[in-house]
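What follows are several structures.
Below, chain A partners chain B and then partners chain C, in two separate complexes.
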Partner chain A sequence: MARRKTPAERLTYTTFTLPAVVLYGLFFMVPLLLGIYYSMTDWNGISQSYDFIDLENYRNLFSDNRVLNSFAFSLRYALYLVLIINVLALIIGLMLNANIRAKNLFRAIYFFPAIISLVVVGLVFDQIFYHAVPRIGDLFSIAFLQRNLMGNPEAVFWVVLFVSVWRECAVPTVLILAGLQTVPSELIEASILDGAGSFMQFRKIVFPFLIPVFSMNLVLTVKSGIMVFDIIKGMTGGGPGTATESIGILIYKKGFEEMRFGFASALSLSLFLLIAVISILQITVLRTKEAGQL
Partner chain B sequence: MKRIGVVMLVLFTGAALLWSGGTQESDDVITLEFFQQKREVVDLFDEIIARFEAQNPDIRIEQVHIADAGQVLTSRLASNDVPDVLTHWPNNVDYIEAALEGYFVDLSEDPAAEGALESIIESIRLSNGRNYAVPISINTQGVFYNKDLFAQHDLQIPQTWDEFIALCDQIQAMGETPLIFPDKDAWTIGQQLRMLLALDMDGYALIDAVKAGKADAADSQELKELAQKFIYLRTYGQQDPLGTSYDQGIFEFAKGNSFMFWQGIWAIPSINKANPELSYSMFALPAEHGRKTRVEYGVDLALVIGNKDQRTIDAARKFVSFVASPEIGQLYADTDGSPSALKGVTFNSDVSGPVVAYVQAGDSFRNIRHKYAPGGSSRSNTAIQQYIIDKDMDNFLNEMNMIFGRPQQ
Partner chain C sequence: MRQRNPTGDILLHLLLTAGAVTILIPLYITIVTALKTPSESAASFFALPGSLYLDNFAAVLGKSHYFRFFLNSITITAVSLLGEILLVPLFSYAVVRNMDRFYFKVIFMLTVFGIFVPFQVVMLPTIKLFSRMGLLSFPGLILLYLTYTFKKGAFLFVGYLRSIPLELEESAYMDGCSVFKTYLFIIFPLLKPMIATMIVIDGLWIWNDFLLPLLVLNKNHLQWTLPLFQFQFKNQYTFDFNLAFASFLLSMAPMIILYIFMQKYIISGITKGAIKG
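Take a look at the complex of A and B:
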């Protein structure tokens, strides 16, 4: 048992935590509370006067096709992003951990996309899909490749997903690599002596050590999937039409372009609630899983 | 320890004295923040400011140009932090809202606005009958055409809608591309929609009626035909309009890959950059249904004074009058290449001249976007692009009702 703190000590501790509490309160809690307040007004973003309209914005939220469409987009996008990135990161991580030649060079190459600015990524892929991909389509007479896939409302989802995976796979891969370093070599050696094949080795020894890394990756990719904004803003701006309007893009459009701040605040809060619910579920489930494994 | 404290104290006092001395000296020099939103004229304004400061040693102007200026301005106004003097677009709804809220100085009877043409000021007068901006330049749109290709195939400039379609058919029959549509950028379609709303039908009357709750956009046969015209016109476009961005569209036209390109005159600097050798000009898009061919115009850039203390306003007024003088107006028009909204400025352009002539002759109408409900402009861009994709007329007409500002039940 720790001894009780003297009042002087308590004062010291409080003083040290105070700046963090004040800053967090000022820049996170106050805006959040203001957001809740604005979400019940018809504020347009600049006027000094506005009306309090109760839950009107929330009622409109669920009768607006674009809102429903954006929720469907973001959830579908997050689902695929999580699946593809986590599987891919595991495969690449295992490959880069193997004893191959020029290992560090390959590691650098696979990390490269993560350090390019998003604006550059957007511009480069804009040109690739406008000039290069249709040429390939012409060459092999593949009809659906002959047009810019970014202008095709059905295909554009996969284009954005592809570029996101290309860019966002790097960090989870590094985490997997780090996780692989924690597997004790004695265990591997012992398993070889016991006659375990490489699949058995992976399933019984390597994978359990990777579970904490997986849960971390899962939380990160789910969050970045549902909140996706910048990569879509850089590539399609939510178009063509409303084909790639994620919740984040719609909040930006409603707030800053259509000047409906009250409505955009209501939309932000529902996104916040969605993420809160998913995060709580995730953490609860993963905790019990981790506890069961160890 | 004590000695260090004394040294620090002396240093701080000295610094404080120097600081206060500095401001005292500059008391008779006032520094204005000039929030300049148009990327293309930053260098030009640096030169104008240098000339102004040479004549007015007691005023310093600091030009501030940042990315996403419109969004930044919105948040600054929301916290009541209006710049001293700024450039703005008087047809933008955010300008109108901010002016009606009293953020800008009323220039209705102000000598600072005397340099601008009355007819142009008339077109940006707000619903309360007042004016808060000094217009500098105007813009318009029309159809760019490749002069060399037209001469090579002996093609004539169309005077009527039927001639225009016949021309497109003729070019297509040669196996060439008549028009280029950069539909990937929704705003380029939205701007065509705004123009046709006033050219091919009486969009002004329809919007007024919808706003008053007396009409439903879904009942307007003319609006339906207008939407279908967007699909029809694209049969004369390149293979993949939705895959072509604005920059790529300019590139394709400048390279000679299409005979014509319907766009605003703001594209001229970019076309010249993409191909300095290109020989091209413009014509006005003919109206359909036997209506008179007219061109759309809008005030492009205008100067606005922030509503602050009297001394700042007086200094800002001097700067605005200076920019609106015929001499600086001519410099602006020649450098920017846009027709001037100021008195005593002449405009010569081989490219946009034929279209600007309509504006000068009064065969013109004001950009309809200011009639939209707040935020309608951006919303209409998405709506018409979505219609081109899924051809869902009901959804499009319903969106137009909202964009026109139909009262909510």
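Take a look at the complex of A and C:
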């Protein structure tokens, strides 16, 4: 039974929260509200005066080709990222969980990309695709590698995606590996005695225990896919043309380089709407499917 | 015991090795190119360097304030983490013990709401606000890291604290301990594993973060962090990629060294944090 708290104790508890509340209010809630306000103005980010233009910016979002392009890019990018990473993480996780030699060494190597800064990963691969990949093409006479992949609007999508997968597969993989440790070994042994094949064993016994990890990985990768910024900034800056202009890159450019602050604010709030819808969908879909607990 | 299938076993190790090579090749290229002269790289991009050529590193260090940026990264990461350790458990404890009260319920709900708002949504107004308040500097950046790590941290800690039985602190109260002393001597020590997890996750994020330093510190050249330095150094190596790779290696080196020694803790910290989140 909880004791009744004295007024002095209540005051202490309230004081405990104050530093965080001030910080959060001032540097998070205030900017959020300011952003909603700016999104209804035509402010360029610098001038002293600007006009309140209601929902004009939001209406213009739908007719702006670069906005539509950036949404198409980010959604397509996120879709592939989610598919590839979740399949790869499962495969690598299962392999690392098998009875293998040098298990810890392999695990350390597969996790390694996660400790390198995203922008540095982008810059390193930018140089590699610029200088090293064409030489591999020369060496083995592979025509499509000899061309400059970074200059080709369609190829560059796959290059950036490859680099993201290289960097972002690590965490989902170790999470799958952690999930696999939750499968009780008695169940596996019993299924072997019952004569279940490897696939049957995976589907009926292992997979249900992985569902919570899967849902987590899904949330992680969808968000990092839709909000991709660092790797693109390091590799292409959004180019060639607007070929790799993600929503994040476009907000940055519109807000800080092209001086359309109000418009960029409306764009960023529409990104919030997209993320919110996806989060709610994920939570409802995954809640109904969750079987095990970690 | 399961019987082993030798062909499958070999295939498994081959596949794992192929994957490991794919992951390590960029690191290999970075290291060998950083140690070569331009003419060596022109002759063969992938071969090992003929001799230990260190002029690229000397050139990068000579052209930049590398050690300064390294120190900046350490200071920003350390101070942000320290602030977080002071702030987040204290806040979470107060919230967990007062969930029945309106004020605490509301502030916690607002905090959880914030987790769903990506940084890019508040990026523009935050930077305008900071520019007006004269906070586009070191302290400003640390305040932002505190704000953003607070959101997730509070959620994690509230979840964890809920599982700690009340009896522990009840007896402390009986013995005449104040709320603050109870927190400090009874609760805080119990939170050590969570704090370790938080240090790994947020430390890694802050150390590697690029967007916030780009927005907040870009104009203060001497306050740059390593990732920002790396990005800005791009202009200096357009024609000399040996120099580029030497700078990459210098940027990655501190984290790689840390990873070699703390690998176990880093991996388990990230795993625990994600699973509890």
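Rule of thumb we're sticking to: the second predicted complex is superposed on the first by the 264 of 294 C-alpha atoms of A that agree within 3 Å, B and C clash if a C-alpha of one lies under 4 Å from a C-alpha of the other, contacts with A are read in each partner's own complex, and residues count from 1 in each chain.
In this section, contacts are C-beta pairs under 8 Å (C-beta built on N, C-alpha and C of every residue); 3 or more make two chains touch, one makes a residue touch a chain.
Small disclaimer: the values here were computed from a predicted structure and weren't measured.
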item	value
Simultaneous placement of chain C and chain B on chain A, clash or fit	clash
Partner chain in contact with A:271 - chain B first, chain C second, else both or neither	second
Touched partner set for A:251, first chain B, second chain C, both or neither	second
First, second, both or neither for A:260, with chain B first and chain C second	first
First (chain B), second (chain C), both or neither touched by A:81	neither
Contacts of A:148 with chain B and chain C, given as first, second, both or neither	first
Comparing the two partners chain B and chain C, which touches a greater set of residues in chain A	C
Contacts of A:44 with chain B and chain C, given as first, second, both or neither	first
Which superposed partner A:242 touches (first chain B, second chain C, both, neither)	first
Location of chain B clashes with chain C - one stretch out of 3-11, 21-29, 39-47 or 75-83	75-83
Chain A positions touched by chain B in one structure and by chain C in the second	45, 130, 256
Residue numbers on chain C that touch chain A, as the complex places them	2, 4, 12-13, 15-16, 19-20, 22-24, 26-27, 29-30, 45-46, 87-88, 90-91, 93-95, 97-98, 103-104, 107, 110-111, 114, 116-129, 143-144, 146-148, 150-151, 154, 166, 170, 173, 178-180, 183, 204, 207-211, 214-215, 226-227, 230-231, 234, 241, 244-245, 248, 251-252, 255-256, 258-259, 263, 266-267, 270-271, 274-275, 277
Chain B-touching residues of chain A, taken from the complex the two chains share	44-48, 65, 126, 129-130, 134, 146-153, 237-243, 253-254, 256-260
Residue ranges of chain B touching chain A (in the complex, touch as defined)	70-71, 74-75, 77-78, 93-94, 97-98, 101, 103, 183-186, 239-245, 248, 374-376, 378-379, 382, 385-386, 388-390, 395
Touching residues on chain A, where the partner in the complex is chain C	2-3, 5, 9-10, 12-14, 16-17, 19-21, 23-24, 27-32, 34-35, 38, 45, 92, 95-96, 98-101, 106-120, 123-125, 127-128, 130-132, 135, 166, 171, 174-175, 178, 192, 213, 216, 220, 223, 227, 229-230, 233-234, 247-248, 251-252, 255-256, 261, 264-265, 268-269, 271-272, 275-276, 279, 294
